[in-house]
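Here you go, one structure.
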Amino acid sequence: MSEFFAMGGYGFYVWCSMGAVAVLMILEPVLLSIKHRQLIKNIKRQNRRQASRENTASQTEKS
Amino acid sequence: MLKSFLAVLKRDLLLAMRRRSDIFTVLFFFIIVVSIFPLGVGFEKAMLQQIAPGIIWVAALLASTLALERIFANDFADGTLEQMLLTPQPLGVLVFAKILAHWLLTGLPLVLIAPLAALQYHLDFSTTLTMMSVLLIGTPVLSMVGAIGAALTLGLRGGGVLISLLVLPLYIPVLVYGAGAVAASMQGGISLQPYYLLLSAFLLLALVFAPWATAASLRISVE
Amino acid sequence: MLKSFLAVLKRDLLLAMRRRSDIFTVLFFFIIVVSIFPLGVGFEKAMLQQIAPGIIWVAALLASTLALERIFANDFADGTLEQMLLTPQPLGVLVFAKILAHWLLTGLPLVLIAPLAALQYHLDFSTTLTMMSVLLIGTPVLSMVGAIGAALTLGLRGGGVLISLLVLPLYIPVLVYGAGAVAASMQGGISLQPYYLLLSAFLLLALVFAPWATAASLRISVE
Amino acid sequence: MTLSVQKLQCSRGDLTVFQGLSFTLNAGQLLWVEGRNGSGKTTLLRTVCGLFLADEGNIEWKGELTKRTPDEYYRQLLYIGHQNALKLDLTPLENLQLLCRLAGQPLTEVQIEDALLKMGLAGYEDVPVRQMSQGQQRRVALSRLLLTDAALWVLDEPFVALDVAAVELLQSILVTHVENEGMVMLTTHQAVPLPAEKMQRISLDQYA
Amino acid sequence: MTLSVQKLQCSRGDLTVFQGLSFTLNAGQLLWVEGRNGSGKTTLLRTVCGLFLADEGNIEWKGELTKRTPDEYYRQLLYIGHQNALKLDLTPLENLQLLCRLAGQPLTEVQIEDALLKMGLAGYEDVPVRQMSQGQQRRVALSRLLLTDAALWVLDEPFVALDVAAVELLQSILVTHVENEGMVMLTTHQAVPLPAEKMQRISLDQYA
Amino acid sequence: MTINWFKYSSPASFYPLAGKLIPVFMVLAIVLTLGGLYWGFFQTPDVLSDQKQYYRIIFVHIASAWMAMWLYVVMVFWAVLGLIFNTRLSYMFACATAVTGAIMTALSLWTGAFWGQTSWGTWWDWDPRMTTQLILLFLYMGYIALHSAIDDNRRADRASAVLAMVGLAIVPVIYYSINCPDPNACASLHQESSMERIETNIFIAIMTTVAGFWMYCFAVILMRTRNIILQRERKSSWVARLEALK
């Protein structure tokens, strides 16, 4: 096992490359989905505000 | 059409004449950049000769990009550009006049001052001549390509540096063959013709496409 | 007084955060300038190593001057600068805050990115460290001295190039000792202490005089 | 000669500034665009000039889409916006000469001097525009109205920075133009003394 | 509290813009500076603020030369010029916060929101100023009048770009300030409804 | 039966479609990439003797280097499509592609540098291919910088589209100029791709990893496009309705 990770003495280089690739390629989709969730939360909040505003407007109209 | 072309050209030259310092600024920038390098890299003659073509060309590139920032910025800020968009002439022609004026005011002086720089780096006479002639073909390409960048970044914060960022990578072919020609001429025994042909081809292509692309970019930016 | 200092500092950092691209623009300008030189001068390893300190320092100088153009220009154009002149605080303090913000946004990133440039020029590890530390002492001096130039050229046409013209000659001492320290460290066996001492002395002098001189220049320019 | 705008909709970023805007402007009429701050007056004028791209709708000049035959349209159009379009380093004379040449209408010095005189700028012909006050610069820009033969004038807040005498002068210039079968489209918070049949008003507050 | 100006003379380039100008402005008074375009109104206001250097004459605040004790003077002074002094990339809230902090008067968000609301900018608190129209930007700048505790306001054409509603609002703000023993010095081509004893007029045309 | 392509050119109908496609591409990406790497790491021991184990960097290096180049073309394609047909969606694609492209370029430089250090003993050399890759990174950065420097989305889209187009027109010239800085010597220039002399196992591993990277890029670009859509169209009614469904 440790022989495998040593990569014949080049372990540092091989794993630095692979590591960078792994980190970036995992980080990118993760960040994107976090952003996506944030956006959806914002839109929901915006919808809620809109709805409550419309509610109060229609109530004042009635009264 | 020719009349508007001439009118714009004349106006830009006139404006430059009103503030003659502008022209000298670019020139001095070029000279200063060329002159401070030896202070950083040392004064060894052989080494200076070797790096001279590269340094002089990069300095020309930088001077040209920096000067570019102004090519449309003033017209944009004071509303003249809007008026140019609202004329019954094709915008490309007016833009070409502006680019030409810009080259006459910043590119051409660089070509003429280049021998001074060559002197500082101990280049011989024939190399200096080569240097001047490739600069003469190369700098208009820089102005043309740069104008597109200037049009795209119109009115943005940090315009100056941003233009350089966009445009410097696009200058690379001119840099490589421009500096290459000078280096070849320094070595001697190599035919310079291919260099001249390539640079002229770049110039032709730029002449055909750049004014048009610049005009399109201006329309986008003014909106 | 401290409050206004912090307010100005915070505002400038906030503005930069609003347009994060601004910071990267300067960085990339630096990297691009450093990277296009070899295209002009050739790729020989020994030669690249020899010219590296000079090239990297000159690129830092240029990036720093270019970024300077913006330090007061926006405040001037939109009238904020007038308001800063009309406050009951000493102008020098506000100016110092602006310069500090400017260095944090343009100088410090240069220091941090310098190892990449060193890599491209095949510098070894200890030389790279020296490079970073002299840049760390030197770039604030550049910002300070440059601010005076920026204040003097405020609102003039051709600001960008004009500043470089005024300021680049003033940068020469920093360039000479900065590049000298790196070259010395590359050779090995030479004490670097005098270089550090001199650069620190420049920094101290700049800290004492520059904000004050900049404030005075601003008052003149706004009139 | 008619300018007709149909179902115009413009937006800035996310915001739809106005929509469903239609009007027809005939020769000998003035269109006064009104509206609150931020109601889209500037946006409308720029769109009509083709400087801003509408989301939807047509703008026709003499029955032709302006996008289709811009040269024809621009020959008849004069736009003066917030900005004066003057080069600060040139004199009024040089500035006006260039602007007229660009509009395809070369003029002699005498004509331009005459216009400057009428605008109350006698003695300033050879002073760089940079050395003039706000109002004087605006006057130089407005001198173009006396020089142009364009039929359609599009003016964004032309009265700004003018003193009382200049405001009256400008008003009379506008009235004369309209009476000579010209067309004007303008925004302003200042009244223009014109009879109702020569003046249309449009309030952008209704099209938000 | 008095601002008194004696024998002021200013020149721009070769031209002497005005000379021998003297006036005294007391608490609870408004000074309306009139004059043709180019008569030197802007120059006068900037000189009073210390942004422009006079050739001759004294400017005194509470009997002290303003040059001598600028900090004292600037604590009481609010100047709004042609330019709005707003950062286009920041929101109105951030802009006003900074301007107040600079003037040595930190304010809470609530106070600023309140001022923006009064200026008719509700809903624009978090929009970058860049995305506002001319008039809206001017309103943001003028919100400072509602927030400041400075006694002396110096305003250069404050009514420019404002619509009718905003003009009325600004007029009422000025009147209130004057009635609260404040001082205003302004140039405008718009009348300000104030009784004669509270208003001084000065015409620069006489001092050329 | 013909498919109505234009139907999917509107963000409203594209958004849910993309939502369905993303998991598919993601799974494919994971399977192919890991499969390729598995093949490369465990099925090639006979080829890679102990001294040359660093050779394994090639799998990710080539994949990222290829993606870097292809994505630029893809980006310009969408940008040009946007300029021609003025469709909002294609601009959004272009914009989304740029970031992933830049990341891929950075990865190829990074892995290349580590490779260089092992095989040539230098982190960086001015080899034409490496230099071109660096310049490609600059071009991506220019595109991104320009786009983010402009506030107005419409202007940002169109301006950066023009830039990308000009860039693509000049890239071949740049590549050529770096590849043969001396035009006199260019006739003899013959850059052979080492792909032809390659061992089959390694070839399979490379190709599978490359396919995996393609799938990954599809997935990520779709994700980013969806984010951009939400960001730009947050005020429009279909977005509001979309969330009501959830």
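Note that the chains take the letters A, B, C, D, E and F in the order they are written out, and that residue 1 is the start of every chain.
One rule holds in what follows: a residue touches a chain if its C-beta (ideal position, glycine included) is under 8 Å from a C-beta of that chain, and two chains touch if they have at least 3 such contacts.
Keep in mind the model is a prediction, meaning the values are calculated, not measured.
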{"item": "Intersection of the contact lists for chain D and chain F", "value": "B, E"}
{"item": "Between C-E and C-F, the pair with more C-beta contacts", "value": "C-E"}
{"item": "Rounded Å distance between chain E and chain F, as computed from the means of their C-alpha atoms", "value": "56"}
{"item": "Separation of mean Cα positions, chain D and chain A [Å, integer]", "value": "50"}
{"item": "Centre-of-Cα separation between chain E and chain D, whole angstrom", "value": "30"}
{"item": "Separation of mean Cα positions, chain B and chain A [Å, integer]", "value": "44"}
{"item": "Multi-partner residues of chain F (each touching 2 or more other chains)", "value": "135, 138, 141, 145, 149, 151-152, 154, 178, 181, 234"}
{"item": "Residues within chain D bordering two or more other chains", "value": "12-13, 53, 82, 89"}
{"item": "Sites on chain A at which at least two other chains make contact", "value": "none"}
{"item": "Pairwise chain contacts under the document criterion", "value": "A-F, B-C, B-D, B-F, C-E, C-F, D-E, D-F, E-F"}
{"item": "Footprint of chain B on chain C - complex, ascending", "value": "19, 21-22, 25-26, 28-29, 32-33, 36-42, 47, 50-51, 53-55, 57-58, 61-63, 66-67, 69-70, 74, 157-158, 160-162, 164-165, 168-169, 171-172, 175-176, 179, 183"}
{"item": "Chain D-touching residues of chain E, taken from the complex the two chains share", "value": "12-13, 35-42, 82, 120, 131-136, 138-139, 157, 160-167, 189"}
{"item": "Touch list for chain C against partner chain E, complex", "value": "3-4, 7-8, 11, 14-15, 18-19, 74, 77-80, 82-89, 94, 222-223"}
{"item": "Contact set on chain D toward chain B in their complex", "value": "49-53, 70-72, 74-75, 77, 79, 81-90, 94, 98-99, 101-104, 106, 128"}
{"item": "Partner chain A, residues of chain F touching it in the complex", "value": "26, 37, 41, 49-54, 56-57, 60-61, 64, 100, 103, 106-107, 110-111, 114-115, 117-118, 216, 219-220, 223-224, 226-227, 230-231, 234, 239-240, 243-244"}
